[in-house]
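Down below are the structures I want you to see.
In what follows, chain A forms one complex with chain B and a second complex with chain C.
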Partner chain A sequence: MAQLGFYYDMTICTSCKVCQIACSDKNDLEVGTLFRKVYNFEGGEFPNPWAYNLSIACNHCAEPKCTKNCPTGALYKREKDGIVMFDEGKCIGCKMCTWSCPYGQPKYIESKGKSGKCNFCVDLIDAGEEPACVAACQMRALEFGDIEELRKKYGSTADIKGLPDSGITKPHLTIHPNKEAMK
Partner chain B sequence: MFAEEWPLMMFTLISQLAIGSFILLVLVRSLLAPKDALAARNLTNFGIGAVGPLMALALIFSLFHLGTPFGAYRSLLNLGSSWLSREILTAGGFLVLWFFTYKAYQKESSGNSLGWLTSFVGLLTILSMASIYSNSIRPAWSNAHTYIAFFGATFVLGCAGAIALIGHIAKGQTLSSEVMAVLKKVCYVGAVALIIPLIYLPVFFGNLNSGDPAAQASSMLLTGSYLIPLIIRWAFSLVGVIMLTNLISKQSKGVKTLPANSILLAVALILVGEFIGRYVFYASAVSIMVG
Partner chain C sequence: MANLVEKAINHKLNRRSFLGLSAGAVAAVTLPGCGLQKVDADKAAELSQMEGEWITAACWHNCGGRCLNKAYVVEGVVIRQKTDDTHPDSPDFPQQRGCARGRSHRKMVLGADRLKYPMKRKNWEPGGGKKELRGKDEWVRISWDEALDIMASEIMRIKDKYGNASFFAPAGGSGGGMEPQRLLNAYGGCTERWGNVSWGSWPDVYSTVTGLPNNGASSGNDRFRLRDSKLIILWGANPAQSSQGLPTYNYLQAKKAGAKFIVIDPLYTESARTLGDQWIPVRPATDTTLLLGMAHYIITNNLLDQNFLNNCTIGFDADHMPAGADPKENFKDYVLGTFDGTPKTPEWASEICGVSVDIIKKFAHEYATTKPAAIISGGAPARINNGEHLPHAMMTLAYMTGNIGIPGAGVSPNMHNSATNAGPALVQPGGNGIPKVNNPIAKSRINSGEMWDAVLDGQFTESKGKKVDVNIQMIWNWFSHTLNQRAGATRGIEAHKKVEFAVAQNLFLTTDARYSDLVLPVTSQWERLGGLLTGNREILIYHTQVIKPLFEAKSDMWIVTEIAKRLGVDTKIVNPITEEQELYNQIAGATVMKADGSGYEKLVTFTAEDIQALGAKGTPQTGRISYQEFKEKGIYQVPRSRGDKLEFTSFEDFLADPVGKKLATPSGKFEIYCDTLSKKIDKIGFSTKSPIPKYDPPLEGYEDGVKDGYPFQIVTIHYYRRSHSTLDNVPWLREAFPQEFWMNAGDAAKLGIKTNDIVKVSSRHGVAIRPAYVTERIMPGVVALGEGAWVEMDELAGVDKAGSTGIINGHIATGQGHSGYNSCNVKVEKYDKPLEPDYKWPQRIIF
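And then the complex of A and B:
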């Protein structure tokens, strides 16, 4: 299979945060740790205020700095679909990955003494199902699939206001942005 | 910040002190050996011996940074691309080579090649250490400044460490003018190692100011909340290094002894200066991230 990635449609997302909740539930995360998070941006002044949302998780990047800097190999890219996997058994909790991801993705989990991150719900993917966050979204604002297909269908915007430069790690993410979010 | 990063602060500072002291002690030994082999050996053996336990202490501190310290050995599994793996390999290598150097130095006074090899591995450790930070996504770290600051600290701390360790052994002794001349050179190394990072500081600020929002946020921290600590850091370090240099040159013209109290004061100023500097280094690093 080719490289997997996410598509997110900002223009229809209502910020209901069901993706975030589904993800936390699927991964049994304690309060305060989120593998997928919905951010809310707002600005402007009356009479032209604006607001937009952004649901983001790990982008299973083409050039991930997390896998490069991790000293144990606990983070690695799966050959067949480019998922950036996390092997908890190998992790030593050095936090190097949290210094390395421009998207703030790997989270250090104090109670485990280890890090953790989105693994694309690899168990569901391997069973031919959708990731929990994608399945949960009522608006169909989140999609997943072969990133080349997604880019063909929706374009390839990964640089919006509020996100770091996509040149750093080449994320497998494409966004349909509101006009206020465009760079 | 302190609660989270103190083990790393102690690890970087103590290992830089250990490696810097080792290199400068080997330098003293090499410079003195042709003129006075006995003094070369007597004055440096104690200090060389102290480096190993110091480096071991640094490595123990680094374990406190890990969430799963018992897995520490696994940190060597990604040498191909992780500077953290390389840092642990070179730091461990330095410690092993230190042991052989120490043993060899106790037996004979000549033969410095092992000492220089160990020094070289020590420098590779510093290089790996700086590369860890410069490969992060925090603009205040992913900058040439990290290399300059870490190598600078290694030689400044090394100068203070080497002179303190030699001073401890030479207490009450009258030293030869050859020895004093070599100690003066050690002070000059320390002075240069302090001045270069200071000169680079405006370039560093310039880079941050023209960088992305996280870089600018770091710059605002450095010139805002951390301005006073930064000024104290440089004042302490400068006064410490000037005191030490002054003391050694005065003594080499005069009675040629090493006055323990004045040396301790100067060394303490240098240590505190570097400590505050390292604190600010960790505290001012802002991540580029969503938001």
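And then the complex of A and C:
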């Protein structure tokens, strides 16, 4: 199977944050930890303001820093679809991953003393379902699938204002950006 | 208050230590049945290996949407939730996907702050005890027997001393349909509350001007016909926030089909951002002047659809007035200023509404020359004091341009469950078979805008010129969180402290429960047998029981039935049929529109075994789907496609034959001059309205703010975090949506306010503090706050820390007795004390 990635249509996202909550529900997260988070940006000047939102989770990068810097192998890429997996049993809570990711993705969970992250809802997709965030989106602004297919369909923009240079980790993410978000 | 908070914190700690589990060893799974226990990691691992069941879970709130919600339950433990996946998703046959609130339900239903036991106030005594301690007294756990005995003895005592009119049952509105009202009505009656909240001034205006028996919310176009629109004007409508579920997605399909969107709103909303081609910010409560300025442009530039006006309306000009009316009182001459000397020009309008003359003219021109164009309003612009002119003027603008009765055109407050999908329900439940219990003192009904004054001052308006004495001594709160959600909560708290007995039944220690003497824990819909929920016209949801009742929670019906026994009231009147029969009646009576649109047929097939298994009595029947399929899917969604026989546009029949198919108005036409409306408002007795739409500055509108030295107008918006006040206590949602106070960047700079500074917001009616959100997305002079936050009074400082708009908004009755949340003036200043983010506040855990 090909590398999986996310597509996000920023232009139609209403910041309802159901993706964020569906993620917290699926992963049973406590307040303070979010594997997917919606950010809000704005600018301009009244009466010509602009605003855009950004829903982001782990991008299951081609060259993830988290896997590279994890000392125990708790973080690794799954062979068949490139999902960045997390083995909680191997995690020693050193926080290296949280410092390594330019997207701030693996989260340190205080109550567990270990990290945690988006695993693409691997149990769901292995069962033929969609990740919780994608299946939840009210505007159908989030999709997932073979990243090459998504890029063919929607372009390959992963560099927008507010995100790090995609050259660092080569994220499997493509975004339909508002014009104000373009770099 | 400080005591209560401290106590809540201690109890939280005690609860943790009681469970004896360290945070690190706990998997966050919650066990119902025997309480809100956390299960340990071993148990969680065991559960994860077991096969569970997806149960259709009620998502039952008044949220403006309706979606499918499912809970995955293993061995009685709710593991997670999901939304509609009963069929593949497409724009024409979309899944009914839920919102962040719906997806948080398990954190509400199984929240650690659920009320677990009946409780009474420590210093309560028959007759009230130390009434001034309401809101800050300690709580004492009591048995159900004691709680029910207190209820019965206080009800008897108060009836003997003051009579039935002293019982105030404000939550359910008029009509006697709900449990406490059923009991009180069977016991001689009670004083009820009336007055619509959500729809502003639309209901009486829409129904009277058009002759249709509804408030206009389900008028306009269905979602397919919307795709015929060339221009869609969202006037004070923000479906992305106030009608979650499908509406914004449906609008997106209209946009893809070619519709241009213009959004009129003081805020650059998410709807404006995602749909809008143009945003026109307007001052709150002044929209009528914008409409009149547009009307002036349309008249003076010969853009009228004179044929439509002549054939389908009455009262536009002196030649088309109803018999007996003063010909000078016509709309055209009012707009032109023929007799009052004030032409309602775009220049005149611009001064008041803040929209530039140029934009008013261009907007008017575009609307008048585009067909089909739809004006779709939210309730918000009409949710103002003296609001009746606004819908009337808006409808008149559509009549002037003939933009109604053709697919893709129209004018209506097409909002809430019906947003983007107007038309009669295509699938609907049957009746539950429970007869109402009439109120023997039905005339004792107080408008929302007068109710707390009536409790405090002993008088209310029955009709024009008729004030009636009333002596309220018991307030029974349940269901709709009246104290928090109606304007004038500052007075409401005083009123709660005045009466001899205040009681609340709820899931949580909500505002009304906090200021009561006795608090009764009720079950949520997840803990009950099940029921049907309606939403957009294409769906009917059948939700079933998810978990067993938590702790000692009981249903509202059980509570009133037990009290009835103690009062000697016939329980068969209060509680006439079983829950099972009630559910069966609704399902068996459910009907669905035939594909050719010719009428309804039965939805559900019932076998004798199905009926027996449900525990009801009935006869087997044949319908479109089996009972088992309905139960398993939890939803029936009517198949739809473009061009089907179920598409809908309001007034198509009338337009096709205005003579043969007259409207049910006295003139048989749309009434621009509407004497019936004028007389109706006059009779109610709060204010007056001329028969034609005019601009009559609303009480506490823009002009009053300028006059009285309040520099800001506040708009009360629906907020993502909660459905009105429901779900406000869910930590996930508090974290996602912080209840921020919107303020224009230029205004904020003048006051030295930056984002996240704590600001103090003062109206004539109350004071609140909140973190500021400084933005270019709101008009200068306007501020905004989400409605529904649970009041959290800092009594020493005299401020509400939660930022409840019920505290800020005034307790005022005007027009048809609707609530005027968007006409309110405030002052804003920097506050000198910090405020923790809401999600870090201690939950209201008592036991």
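As a convention for this text, the second predicted complex is superposed on the first by the 183 of 183 C-alpha atoms of A that agree within 3 Å, B and C clash if a C-alpha of one lies under 4 Å from a C-alpha of the other, contacts with A are read in each partner's own complex, and residues count from 1 in each chain.
Keep in mind that, in the parts below, contacts are C-beta pairs under 8 Å (C-beta built on N, C-alpha and C of every residue); 3 or more make two chains touch, one makes a residue touch a chain.
All values reported here derive from a predicted model rather than from experimental measurement.
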{"item": "Three-chain arrangement built on chain A, chain B and chain C clash or fit", "value": "fit"}
{"item": "Partner chain(s) touched by A:Gly113 [first = chain B, second = chain C, both, neither]", "value": "both"}
{"item": "Which superposed partner A:Thr11 touches (first chain B, second chain C, both, neither)", "value": "second"}
{"item": "First (chain B), second (chain C), both or neither touched by A:Tyr103", "value": "first"}
{"item": "Which superposed partner A:Ala135 touches (first chain B, second chain C, both, neither)", "value": "second"}
{"item": "Minimum Cα separation, chain C to chain B, after superposition on A (Å)", "value": "10"}
{"item": "Intersection of the chain A residues that touch chain B with those that touch chain C", "value": "112-113"}
{"item": "Residues of chain B defined as touching chain A within the complex", "value": "65-69, 71-72, 74-78, 81-85, 88, 132, 135-138, 212, 287-291"}
{"item": "Sites on chain A touched by chain C in the complex", "value": "11-18, 20-22, 24-26, 28-32, 34, 38, 42-47, 49, 51-52, 111-113, 129, 132, 135-140"}
{"item": "Chain B-facing residues of chain A, complex", "value": "37, 39, 54, 56, 65, 67-73, 90-96, 99-104, 108, 110, 112-115, 162-165, 168"}
{"item": "Touching residues on chain C, where the partner in the complex is chain A", "value": "23-24, 26-29, 80-83, 85, 89, 97-100, 102-104, 106, 240-241, 244-246, 248-249, 252, 268, 270-271, 273-274, 279, 281, 720, 731-737, 744-746, 775-780, 839"}
